[in-house]
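Below you'll find the structures, each written out as structure tokens.
In the two complexes below, chain A is the common chain; its partner is chain B in one and chain C in the other.
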Partner chain A sequence: MTREEALAAITKALTETVGSVDGDVTEDTDLVADGMLDSLDSMTFLFELENGLGTKLEAIDETYEDFRVGALVDIVVQATG
Partner chain B sequence: MASHVLEVGLRGTRDYVQGSQILARTAEMVAADQPDAVLVSAKFTRITRHGVVAVFGEDAAVGAGEEIGRGRFDVSGERLEVRWHERPGPEAPRIDDVPGSTSGLAPDGAGGGTCAFAIGGTFESYLAAVIEFVKALHAGRGERVTDIWFTALMGARLPVAPAYPAHGTLTATAEVERIAHGRLQTLSLVDTTGDGAPPRYQICFSCVIEA
Partner chain C sequence: MLATIQILVLVTLTASLVYWLLPAGWVEGRRAVLLVTSGLLIYVWSPETLLIAVLTALLAWLLYALTRRHPRIGWLPWLIVLPLVVNAIVPLGELIPLPVGSPRSPLLTNLATLGLSFYTFKLYMSIKQGLKLGSLPFREVLTTTLFYPAFPMGPIDASQTFDHAALSRDPDVRRWVMGVGRIGIGVVKVFVLGAWVKGTLSVELFGVPMERVYAEGWDTPLHALAFAFVSFLYLYVNFSGFTDIAIGSGWMFNLDLTENFRFPLIAHSIQNFWQRWHLSLSRFITAYMFKPMLRRTGRTSLSLVVTFTLIGLWHEVSVGYLLWGLGHGSALALTTWYRGLGRARLPLPGPIRTVGGIVVTITFVSVLSTIANQPSNRDLARYLASFLGVQL
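What follows is the complex of A and B.
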């Protein structure tokens, strides 16, 4: 998966989680710090992301805290080859 | 539908108003006008031992206290949003506990499991069974698991009408676990069998696991 495709998958999971997204989601966006997700939403977001990708993201364990989109893109690209 | 005070109480020995009561009283209110409505999602951000006010749509929460959660119903394809606020004043009255409705708990060793249920077929009895079940799975994680709270459900199509099977099975599949603010948060998928069983949905709990 390319970075663009990974960004699209992340944006889709975000939309599935919160319904609609105000403004653009870029690799500089921090989904938690920018107020798009709270801790409960982050659970749903990760579920939707893994579900959409059809694969578990092993790099994201129960203590994972980095919700910068750029970091998530790195993980998705690595996990999907 | 404006704002409505919900008739909720502190059930049994609990020192908080159960989310299932808040959802059930709200669902009954919605069902009175729209019996075909379904609950799609609900999220609780804190608990309360006081009364609860349901505020529908964009109405202002006049006279209500802090927001404790939000939910969404689907009414004939239209969204109906609700916010729940604490009701300032005395504690909610104490009310009788109800007997458990699940049996044969069988954990799967991975945070999920199955059980059987026998209920009255109402929204509240079904939700109470699900919460009893998932709570028991969390309690079974170890001796030092405390403060197990139902926090959210998403992606649901739970009828507000009494359309639930009287008997059936529940299966929970653990999907996501996270640690936030010193609490373990979990997301599980819930599958229900039985006549007229609702489709799969996601449920979230949080708990404290002491080292």
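What follows is the complex of A and C.
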């Protein structure tokens, strides 16, 4: 998966979680710090992301806290080859 | 009670000074100061409490070792809740053999499991983080279990808060002074503000102090609602005050305990409430209960309701706390579901929406909290009936 495709998958999972997204999601966005997700949403978001990708993201365990989109794109690209 | 706090403050001042007299390189000496002080204080409070806490810490360490050996058995760390489950059936204090003829105070039996709910979750977190890091020394497990300022009611921190790096920090006078100040804030909350809410305010509103309101009952729905606000305010002042004392004590040893409250009385939604109330529990719930359950069931609403119901029963196995868990879980599920629909918010000006949100949220959580904390099922029935204007 390319970085653009990974970003699209992240945006889709975000929309599935919170309904609608205000503003653009870029690799510089921090989903939690920028107020798009709260702690509960963040877990639902990760679930939606794994669901959408059809694979479990091994780099993300229950204590995962880095919600910078750039970091998430890295993880998705690595997991999907 | 105030005398107890004075003793605790004095002990903390002395222990922290002894702690800082030891060189940073002598970490285990510093740990010994924390363990001996905590162990002695808990022993004086109730020897059974100390015994149960040490045995539970040992169980946690054994579960960690077992899970490392058998990593495929993912549920093994959850066996740490066994003492809690057993205690819900038979109070653990009653299972401890005393010499023949020893008097057994019912109060002592209750105290025997003081803090058990909190250190159970601390220990679960410690096991999980230990597995992640590949190391969990028993001395760290014991320190997180016994550290006396956080022993009775948290915050919920893993044993890594007391690891080698944390205990080898240099003395920090500024933090030590801030710790003393934070303890002062906690003492004022608990003994001045809390006493005012429980006494003066309650007498002003209900004619009797708060604890007697349960016996007197509630005449009207408004009366019951007003009582919910007052008792929730008391809970917040008391709980956050004790948390201030715990965090301030931690600072005196240059240790970082998790902040537990962020102005929960201005929460504008139920989701926002859980980002402000009992944060260490909220983090535990999200990471270790909600997320694994969501992965298993694939259903957000179901996972929320089940998770919060279990958390309700973790507080206490009672009808009140069952309703508390179902209430919080259902409200979170409902708001999450509604937000997921992507519908527009209510067409109201922002400030009105925010104030309205605060009123609805605080009313909801206050009533649920008051339901949960009713002393008996009969009191609970009377309280619920009073909302319908019925006197039982």
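As a working rule, the second predicted complex is superposed on the first by the 81 of 81 C-alpha atoms of A that agree within 3 Å, B and C clash if a C-alpha of one lies under 4 Å from a C-alpha of the other, contacts with A are read in each partner's own complex, and residues count from 1 in each chain.
The rule we apply is simple: a contact is a pair of C-beta atoms (placed from the backbone, for glycine too) under 8 Å apart; a residue touches a chain by one contact, two chains touch by 3 or more.
Just so we're clear, the structure is a prediction, and the values are computed from it rather than from any experiment.
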item	value
First (chain B), second (chain C), both or neither touched by A:V18	second
Which of chain B and chain C A:F47 touches, first, second, both or neither	both
Chain A residues touched - chain C or chain B, whichever exceeds	C
Chain B versus chain C as contact partner of A:S39, first or second or both or neither	both
Common ground on chain A, meaning residues reached by chain C in one complex and by chain B in the other	38-40, 42-44, 46-47, 50, 62-63
Contact footprint of chain A on chain C as seen in their complex	128-129, 132, 271-272, 274-275, 282-283, 286-288, 290-292, 294-295, 298, 300, 304, 332, 336, 339-343
In the complex, chain A residues that touch chain C	15-20, 38-44, 46-47, 50-51, 61-63
Partner chain B, residues of chain A touching it in the complex	38-40, 42-44, 46-47, 50, 62-64
Interfacial residue positions of chain B with respect to chain A in the complex	43, 45, 151-152, 154, 175-181, 184-187, 202, 204
